[in-house]
Each structure stands twice: as C-alpha cells, then as structure tokens.
Amino acid sequence: MGRENETGRIEAFSDGVFAIAITLLIIEIGVPHLEDEPPGTTLPAALVGLWPSFLAYVISFLQIGVIWANHHNRFRFIERSDHVLLFLNILFLMCVAFIPFPTALLAEYLDGTAAERETAGVIYAGTLAVTAFFFTLLWLYAAANRRLVDRNLDPSVLRAMTRRYLLGAVAYLLIFLLAFVNVAASLALIVALALLFVLPEPGEGTRKVSPARARERR
Amino acid sequence: MGRENETGRIEAFSDGVFAIAITLLIIEIGVPHLEDEPPGTTLPAALVGLWPSFLAYVISFLQIGVIWANHHNRFRFIERSDHVLLFLNILFLMCVAFIPFPTALLAEYLDGTAAERETAGVIYAGTLAVTAFFFTLLWLYAAANRRLVDRNLDPSVLRAMTRRYLLGAVAYLLIFLLAFVNVAASLALIVALALLFVLPEPGEGTRKVSPARARERR
Amino acid sequence: MGRENETGRIEAFSDGVFAIAITLLIIEIGVPHLEDEPPGTTLPAALVGLWPSFLAYVISFLQIGVIWANHHNRFRFIERSDHVLLFLNILFLMCVAFIPFPTALLAEYLDGTAAERETAGVIYAGTLAVTAFFFTLLWLYAAANRRLVDRNLDPSVLRAMTRRYLLGAVAYLLIFLLAFVNVAASLALIVALALLFVLPEPGEGTRKVSPARARERR
Amino acid sequence: MGRENETGRIEAFSDGVFAIAITLLIIEIGVPHLEDEPPGTTLPAALVGLWPSFLAYVISFLQIGVIWANHHNRFRFIERSDHVLLFLNILFLMCVAFIPFPTALLAEYLDGTAAERETAGVIYAGTLAVTAFFFTLLWLYAAANRRLVDRNLDPSVLRAMTRRYLLGAVAYLLIFLLAFVNVAASLALIVALALLFVLPEPGEGTRKVSPARARERR
C-alpha cells in the first residue's frame, strides 16, 4: 500500500502535466479574424491557411500522447521512488510542458522562409531529443542495479527495455540533426516513430505477466 | 488489481483531458472592452452582444460533458488494454481536445454572414462527427470477439451497446450533413442529442449488474 | 468497490474542473506593459493599479475553493449515481467553470463607473447564486427518499444537511439582489460566507462517523 | 479507508492545481513575431532575446516542482483533515497558483531598468516567501499536539520536520529581503534551495518506515 502510493502520486502528478500540456495545444490556434486578413479572403480560405497550425497540433498531440503512454508503461516497472527520481521526473516534465512552445513556433514558421522553417524545425526536434534524453536518464537511474524497479524482474527483460530506451534517445538525436538538413523529413520521422508505438512490443506478454506476479507475491 | 490499473490510468488521463478541454472553453470568451466598442455602448449591451459566445459555451460544455459520461460508462466494460486501444484513445482525445477551436469559431461567426455561419456550423458539427467516429472505432476494436471487454458480459448486451454507438455515429453524420443546409437546426439537434443522455438507458439495470457480478467472481 | 467507483470518477472529473477553473484565474491578470501606460508610470504604480484584478483573484479563489470543499463533503454521502445526477453535476460544473469570466469582468470594471461596477457585481453575484441553485438541486435529487445517499444515514442528519444547503442558496440569492444596490457590501458578504466555512459544522463528528460505519457494514 | 480518503481528495485536488500552475507557465512565453521586431531581426536572434522568459520558466518550474514534492512528502504524515486544514491548504494553493504572474513579471522586466528588475525580483521572491509561510502554517496546525498527523509518529522526528519547515520559511524570508539589494543573487539562492531538495533528507529511512509501521498497526 505504502509502496503503491509512493510512485502513485508521481504518476498522478505527471498525468496531470501530460493532460494539460496536450490539451493546451489547441489554445495556440487562434480563430481567424477576417478583418485582419487581405480583403476578399473567405472564411474557408482563411481556415485552409491555418494548415501549419493544424499539422503542428496533430504531430504534437500524437507525440505527447505516445510519451505519456511510454511513461505510463515504464512506471509499471518502477516501484519505489527517491528524491533523485522525483527530481529527474520534474526535469523530464519540464521538457514535456515546454512542447507547446516549439509547437507554436512550428505552426507560425512552417510556411515562412527556408531559414525560419529550419530554425523552427530544429528547435522542435531538439525539444523532443532533450525530452527523450531525460526520459532515458530517469530510466537508467531507476533500473541500474534494480535500484527502484521490481526486484523480481527478469534481468534480460530489464536489459531489453534499457536497450529500447537508449535506441529511442539515439533516434531522436538523429532526427534532431536531420532537422538542420531537411525539416519535412525530420517531422515525417517524428510521426513515423510515434506510429511505431502501435506495434506490440516484442515480449510484451512476458513483461505484463512478470510485474503482476511480483505483486501477487507481496 | 493489475487489471484495474491497466485501464485505470487511461481513464485518469482521459478524464484530465476532458476536464481541461471543458474548462478551457471559458477562456475563449473575452471580457468586452468598452473602448473598443462603438461609442455609447453600455456594458450590459456589450455583454448581450456576446450571446453567440455564451451559446457556444453552453452547447460545447454539454457536449463534452456527455461525451465524458459516455466514455466513463464505456470504460466500465473495457477491462484490458493494449497499444492499439491506447492509440485509438489518443486519436479520440485529439478530437475532444480540438473542440474548443470550432467552439470559438462558432462564437465568432454565429452572427456573421450566412456563408460564415455555415462554415462555422459545418466545422463544428464535423468535429463532433469525427469524434463520434473514433469513439465508435475504439468500442468496435475493444468489443470485437470480446477482445478487451469483460468476458462474462452477456453477448446480447454487448450487441445492444454496439448498435447504440453505431446509431450515435450515424446520427452525428446526419447532423453534420444538415449543417450544410441549416446551421440552427443542426445545433438544435446536437443539444437534443445531449439532453437525450438524461433518459435512463434501456436495460441500464441489467448492464450495471452484470459487470459488478463479473467483478465479484474474480 | 463497484459502488465506490461509481461516484469516484464523478468526483475525479469534478476535481479536475475545480482545479483548472481555480488555477485559470491567474491568467486573466496580464502583466502591466509600461509602454501602454501613461508616460512616467513606474512599475510599482502600474502594479498597484491592478488592485481590482488581485482582489477579484482572491475572492474567486476562496469562493471556488470553498465550493470544492462543499462538493467534496457532499459526495462523501452520495454513494450511487445515475444519469440525472451526472447531468445535474455537469450543469453545476458549467457554472463553476464559468466563474473566471465574471471574475475577469469584476477585475476590469471594479474601478469603472458606478453603472459598470453594478453590472459586473450583479453578474458576479448572479453566477454564484445560479451555482448555489444547481448545487442545491443536485443535493435535493440525491437526498429525496435517500435516492442516491447512504441508506443507513440518520434522517435527522439528512434533513439538517438539506436545510443547510437551502439556506445557502437563499443567502446567495439575497447577496445577488444586494449587488443591485451595493456591490461592495455584496462582495463583502461573499467573502464572509466563504470564511464561515472554517467553522466546524454543527454535528460534524456525528456525520463523519455514520458513513464510516455504513461502509464497515458493507 | 475512510481516513485514507479524507486527505486523499485534498492531495488529488492540490496535485491538480500544482500540475496546472506548472504547465501554464509555458503559455506566458509568446512565440516571437518577426514583423513586430526591429527590421532585420532573424528568428534565432529573436529567440535568444527571449532568454528572460526561458530563465523564468526554468526557475519557476523547478520551484513549483519542488513545492509539489514537499507537499506530497508532508501529506504522507497528515492523516486526518478538518475545515481549518482545508482552508489553510486553499490559502497555500492560492499562492502556488499565483506564481505564474510573478514569473511573467520576471520574464518581462529581467532585462528592464535596474528599478524594474528590482520590483520584479522582489515580487517574485516575496510570492515564494508568502507561499513558504502558508506551507509552514499548515504544517504547524497539523503537527501541534499531533492534531492531524499519525499519532504513532516519533516526537523527535516530528520536531525535526517542524524545525526544517521553519528553517525553510526563514530562508525564503531572507531571500526576499536580499531581492531588494541584489536580484541575481536572490534568484541564484532560489535555484540553489530547489536543488538542495535532491539531497536525501537526514533520517529519511527512519521516517519512511515509521508511518508504514503505523499503518500496519491499524
């Protein structure tokens, strides 16, 4: 009970931040005011002109949604907490809560000059890379010597998860570097990576069973 | 316990998104500044002039409230989760969190030209139709072959629920088409559909009992 | 367990709306921009000029906080839910989530002309009165014939609670009427009513015991 | 169960306010619009010019994150609640939810004149000092004569915690006074105090054990 609570309130607080960050994305999209548009612009035309905002909304929503799902899956394995974990989680959430800013930047400059598009794309991909970095750091801290994870967890499963998170962090780093060269390709890969999440994880069944068993043993 | 948690955090996250989307509706309504109004406008007159904003607030609040209640009722029957369900739920929430945008559009253009009103109404009803579509998709995925629902659930109850969700999706599609012809009628039907929710569901007693029983059996 | 959940998610959703409405109050207070102020205005002077915003923030924060605490206390006695309760709760939350608007109105016009101050005060107090009305309606629906409350609850305790809520609704109605005559007095009474909450309720001990006992019996 | 719930919903509501206040920080940072900048400004240059906003975001995020963690740790020892505790917690949350305002003020005037920087710094540090004051008051109320804390708690542990909170309140008061003299030093100390949190508390092990034991005894 005490244990459950220990990470339970971290998860609840993190879920709050995720839910708010993801829902705030929409308030960055202002309704078009026809009086501020070139004369003769119709409402449908003005709305079509907002395509960078809608695109940025969809990409960031998917992204934060998948980060949430990963955070959620990870904390099913983290059973204890300490001050360092709390602090790393706060740094991680600081990145997640920051995402609406590069999203708005992307929405504003995706149809700007090539240089502006590059700047916006680099900052967007960079934010995701830093987020992935802290996510991985948090996991490495919790998993090293099974510091805060379930002590009955199969070491090979643990290693597979660690490998997966390291791979993810490297992937986001490459996507960040790609943004300097080609923003569109970088964004496409970001969406592709989010869609990959739908695939079942290799060995998902095993992992789902093991923590459940550990809980029964308590 | 593990099972309960599995959908528990999805519900908690979804509730967060619902609560934020519904509460953000109010910040779209700006306080009138008399210095920006035609000279001689009194504060009560300026407030009365905000009627499209208040109307849009009430309609969207009811709408999101009833969608929340339906989501809540549905997840009482969904017991397990997988990556596809998580993903479909994220797409569904992406629609819910989008609702403040068409709401603001409606508030802005409900007293505009006929063409503007039509555009705003079509996008508003269209958003609700897409939301209902993903809602139904999520349910069909969970219910097919009792993939993620309670395995002890009476098949006839399951079929009745599926029929109900399909009917709802079709109703929203028709309301969307109606918006091209008559925005006021479309909005009136949207409110009527939300109010229908107050009626007890046919066989509500039966359904409430069956999952409870299933839980006792565990 | 099933029972607990039945009102549990209503409470969680309502708590979300309360928490967001109360925290959104601050974003209505814009940071002063000295370039928009009369020349020579210092930052401290500009901040002092924001007093109506700070006052409105404090009053509304206390108000929503106390409404939350009352909602919380009430739902300790409501054990079951149905579609009508869900709907009444949505209407009630619609009023709570609306509060940031009259708060911003008050902040804007508290130092306006007498007529503007009256309009803002009347709408502010009126919003609270309508909120209290739906709060009372929800309770009357749940408590009538012990429809949704603990069936072991002492009838005299139930009657005392009903009396208290009716009294509260009448008090807010009078405060609303007072706002037409004297806004300052109306606001002072609103604060006083919120502060009254700190006093222990008569018979609090008894009431806290009875639902606990009922739970043990289950 | 009843007991757990008693403070459980206070924690849930508080977590909501914390999560929203911390996530709202980002919406104060507006995306730069090059057309409003001096001609020839590039997007990277405009973003670098936002450094006070980014700095204020990081400081306030850390600050609210650490306040949340402290609130979370404290409520592991508070087991019962009453109307006064609820009210003190509302006053405390009123300060936490206010933090986005002085944060925006700091972001706006950190690169202003010396007088403006001082005003912004004093209000920022002052808000944190008042927050710490209400935090300490809440704890003193709960801990005095073990009014609302675990009655099996070791008195020496309780005294150590009280000493720590009083020390924290005094530290914030000094930081507030320092802001009148040197804003940079004041902000540096605020960050340092937040980073101190990462250190394990003296006797953390002991404290974690004792409430757990007390729970087992019930």
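Residue numbering begins at 1 within each chain, and the chains themselves are lettered A, B, C and D in the order written.
Quick note on the criterion: a contact is a pair of C-beta atoms (placed from the backbone, for glycine too) under 8 Å apart; a residue touches a chain by one contact, two chains touch by 3 or more.
All values reported here derive from a predicted model rather than from experimental measurement.
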item	value
Chain hops separating chain D from chain A, counting only touching neighbours	1
Same or different residue numbers at the chain C/chain D copy interface, by half rule	different
Averaged-CA centre spacing for the pair chain D and chain C, given as whole angstrom	25
Length of the line joining the C-alpha centres of chain B and chain D, rounded to whole Å	36
Per-residue overlap in chain A, given as positions that touch at least 2 other chains	12, 16, 19-20, 24, 27
Parts of chain A lying in touch with chain D, wherever the complex brings them together	1-2, 5, 9, 12-13, 16-17, 19-21, 24, 27, 82-84, 86-87, 90, 93-94, 97-98, 100-101, 104-105, 108-109, 112, 115-116, 119-120, 123
Residues of chain D touching chain A in the complex	11-12, 15-16, 18-20, 22-27, 29, 31, 33-34, 42-44, 47, 57-58, 61-62, 65-66, 68-69, 72, 76, 197-201, 204, 211-212, 215
